[in-house]
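So, here's a batch of structures to check.
Shared between the two complexes below is chain A, which has chain B as its partner in the first and chain C in the second.
And now, the complex of A and B:
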């Protein structure tokens, strides 16, 4: 159960890091996520059907995600469509586009579900297992860990470069940024492209992990991403270092999946799954505040005693 | 005077347009509605259809319960257990809709309707289902709360309990629902594997794929999957080839197409095939419908729609193609908009 939560947690961590770029760095509530995760999954699954190397397929899925993010960026910056609506437009159009992508694999119209069950040997996990001979679970753990670490390193480096700093500045104070001569349209588009690229990459890994892509698999993904971010931020509230904050999001995503796995494992009535997940997350999030309250009460008592 | 003149001209123009419209309609080989519609499932038939063969999801659940019992109690091998269909789809007619559209259902069809459409009901043996520590443990993974899916779940447990009771055994059911969130599919499937259940019962396509992905050893029985081969779950319907087999909820398309011929009492007919072009399941059924039409020598016209906004235009083009009846497969978009389909068919 813990292992299952960990394996999936790393995959969702990549999505959460992607959401973090748009939601925190750019201060842009981007709903494209629910479409791009499926786009990544569709592209990867379609390419694997077509005999492509699974690692290359994941990379191309990343690029497809970047393109989708660029569309959201263009809708927002060039056509002045508000962020939420721009994201929704991309998300709903991707529904049709994802079906078209999956059509390329089967050659049939209207493929809404692409199975990888017959291509189990052609996934990244199988490739790593073949290379190191460590079994599928360990392979997915290892790959998740490596990719999450690589993404953190990449983001840490990127947001330290000039353009990366400009993107962070855009999210913090757009007007000031423009005054400094930064083209905020460009920074927003780059930020959204990167964000959706990582979301698509996580979709590509997810489809290979669960052996299928379904046009409806993105539903609820933005909630998982945001919950992971908030859990990570709450737990690492004192972290000043950027890399540690990014690490916090990975921890948040892993914890969220473990919570879900735990709720399922505990065998409560199936209708209560969502409620229980929400309750456990809410309790986890309120812990720091409860801790502060208790500390404050203790201080007051001590003060009274002293007085 | 000038005004009168204008009014007269516009009236005359309107009359000419209407006349030419009538003439065009008359010579285009077109037909006028409303048309008798045969739908893929009984829920849709209740609203807009004249007759159909209905799949009972409860029956499908019972069938799956039998397969699970064969595996658990008799040691049957899932790799050689053929995928099942509803063994006996029930003929249902809808005289209300037939009356509204002015269609007479022939006596030959009417006489074949049995009074009780859902004849099979199994009484659950509560004592055979224990909360904890049964002889067998079965994990149920259901995609979402949904009337049809709930029925396959219920039928499965009912029948399994009866078989367990007959063998003097007990079963513990771990009932999990992904609540429509596909991220939970694989989590639930892996939880069942880590709990080392004796069998996984997966309901709906993506849940079945997640279960098949999570284990190659524990037997998996799927249900409510329309195209198990296309979904990668089984090698073929006759010989699944691995630890996964189950029940397909495909409606008896061929029987439904034959029914249209029976209803119209002729072989020289044109059937309009109306479906949503983005749904894999619909296209799968339409392919079967076309094959059956060809086998029977019926002509057909395909009309795929994008969403319910296209429905009026679709009817116009079907009318112009001169169809005699419409077939609608089990299709999510059209099932949701079935009342609208009926209204358009009546010309409202």
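And now, the complex of A and C:
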């Protein structure tokens, strides 16, 4: 149970890092996430059905996610649609598109899920197991760890480059960016493309890990991403180094998964999970305000005592 | 064609919310020629169109009519970020000019790249750091020892000084200052103004400075323009400007505009 929590944690960590790019770097609450994770899963599963190498399938899923992010970016920057709505439009369109992608695997209309049970030895996990002979679980752990580390390294490098700095600046002060010669339309589109690329990659890994893809699997994924970010940021609140903060998000995602595993084990119906996550995120997001209120009340009380 | 003109505004018009009850003619066939090396101060009542003129020049929005020519190049249709390489800007709100979540040196590195394209090279080099340190030392605020501090931690005056440095780090064709000391306390405002003056003189920058402080407008620069209802109604330069007093300026304003000078932030003494 702990191990499966760990394995899934690494997969969801990649999604969380993707959400981190849009939510924290660009200050853009991007709901496309809910569609792109399924797109990543569908593309990977469909390609595996069609006999594609699973690593290549994951890469193509990443690219599909980048495309979806680009669409959200174009809707927002070129057509001036507000962030939330731009994300919702992409998410809704992806629902139909994901079914079309899955249709490509079965050759039937209206395929709303794809099982990989008959393709169990054609996943990235099986490939690693074959290569190293360490068993499926260890292979899952190892691969999750390596990919999470690689994504952290990649993000650390990218956000240190000139373009990366420009993207970060776009999220904190758009007006200043334009005054400094930065095309903020382009920086937003690149950021959203990268964000959704990683979210789709996480979907591709998830579809192979659980051997199952469903058109509704993305519902609530943005909240899970946010929950992981918040847990990570709370635990690593003092971290100054960017790489450590990214590591914090991975830790947050893993912890979240382990908690979920325990909660389900203790008998809570898994369908209540999304409600629980939403409540946790709502409380976490309102913590700063609650703290202020409490401090204010304490002051008032003290003032009353004094007066 | 080599001329002595840096910026030329020809019959610039801008109307906000046209065709609605909120319709507002902010610039009304404005003409202005700025010579290379000019340091022009701009004054005018509330809503006279001073900020709108600055924003039209820097391309924050397209103008409805007229042409904007910078150093011989027609830039009327150029987008804001493309024009940025020509202009150094400091805004009224100290929050506007910097990225608060980023370090001092990261902000400077962004400004250093204003005139360049952004690639996958590392965002800041060791060589630049040395240069930034020297430039910060020139501000005399001790910021050269806090290169890794987040800009959000700086005071308003420190931020404006930093923004000024960012605007002039790579020599712009023009420096545009829109009430950049208005949000500061008098002492800090004075310090930032003196710094401005120093930088403008040392780099002989062509400068347009909006101010609500009449005394400053008279004291600084070689030319003074006054705006009213989207037009320039007074243009005083050279010896005439040196002899100017606040009283004379107010009298001239009433004559030219047929109304009293009204700016709720104006400092007349």
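As a working rule, the second predicted complex is superposed on the first by the 267 of 307 C-alpha atoms of A that agree within 3 Å, B and C clash if a C-alpha of one lies under 4 Å from a C-alpha of the other, contacts with A are read in each partner's own complex, and residues count from 1 in each chain.
Convention: a contact is a pair of C-beta atoms (placed from the backbone, for glycine too) under 8 Å apart; a residue touches a chain by one contact, two chains touch by 3 or more.
Quick caveat, the model's predicted, so the values are computed rather than measured.
Chemist: Kindly classify A:180 by the partners it touches after superposition: chain B alone (first), chain C alone (second), both, or neither?
Modeler: Touch status of A:180: second partner only.
Chemist: Counting only touches as set out at the top, which of chain B and chain C does A:160 meet: first, second, both, neither?
Modeler: In the superposition, A:160 touches chain C alone.
Chemist: In the overlay, answer first, second, both or neither for which of chain B and chain C A:110 touches.
Modeler: first
Chemist: So, does A:264 touch the first partner chain B, the second partner chain C, both, or neither?
Modeler: A:264 sits against chain B, while chain C stays out of touch.
Chemist: On the A-aligned overlay, A:188 touches which partner chain: chain B = first, chain C = second, or both, or neither?
Modeler: A:188: touches no partner chain.
Chemist: Any idea whether chain B or chain C touches more of chain A?
Modeler: B
Chemist: In the superposed arrangement, which partner chain does A:274 touch: chain B (first), chain C (second), both, or neither?
Modeler: first
Chemist: Classify the contacts of A:76 with the two partner chains as first (chain B alone), second (chain C alone), both, or neither.
Modeler: neither
Chemist: Now for A:245: first (chain B), second (chain C), both, or neither, which partner does it touch?
Modeler: neither
Chemist: What residues on chain A does chain C touch that chain B touches too?
Modeler: Shared contact residues on chain A (touching chain B in one complex, chain C in the other): none at all.
Chemist: Using the touch definition from the top, list the residues of chain C that touch chain A in their complex.
Modeler: Where chain C meets chain A, its residues are 58, 79-82, 84-85, 87, 89, 91, 95-102, 106, 109-111, 113-116, 118-124, 166.
Chemist: In the complex of these two chains, what residues of chain A are touching chain B?
Modeler: 1, 3-5, 8, 12, 96, 99, 106, 108-113, 115-118, 120, 209-212, 214, 216-217, 219-221, 224, 257, 260-261, 264-265, 267, 269-271, 273-274
Chemist: Could you pull out which chain B residues touch chain A in their complex?
Modeler: Touch residues, chain B against chain A: 142, 145, 174-188, 190-191, 194-195, 205-206, 209-210, 212-213, 230-233, 276-280, 282-283, 304.
Chemist: Write out the stretch or stretches of chain A touching chain C in their complex.
Modeler: The touching residues are 160-166, 168-169, 171-173, 175-184.
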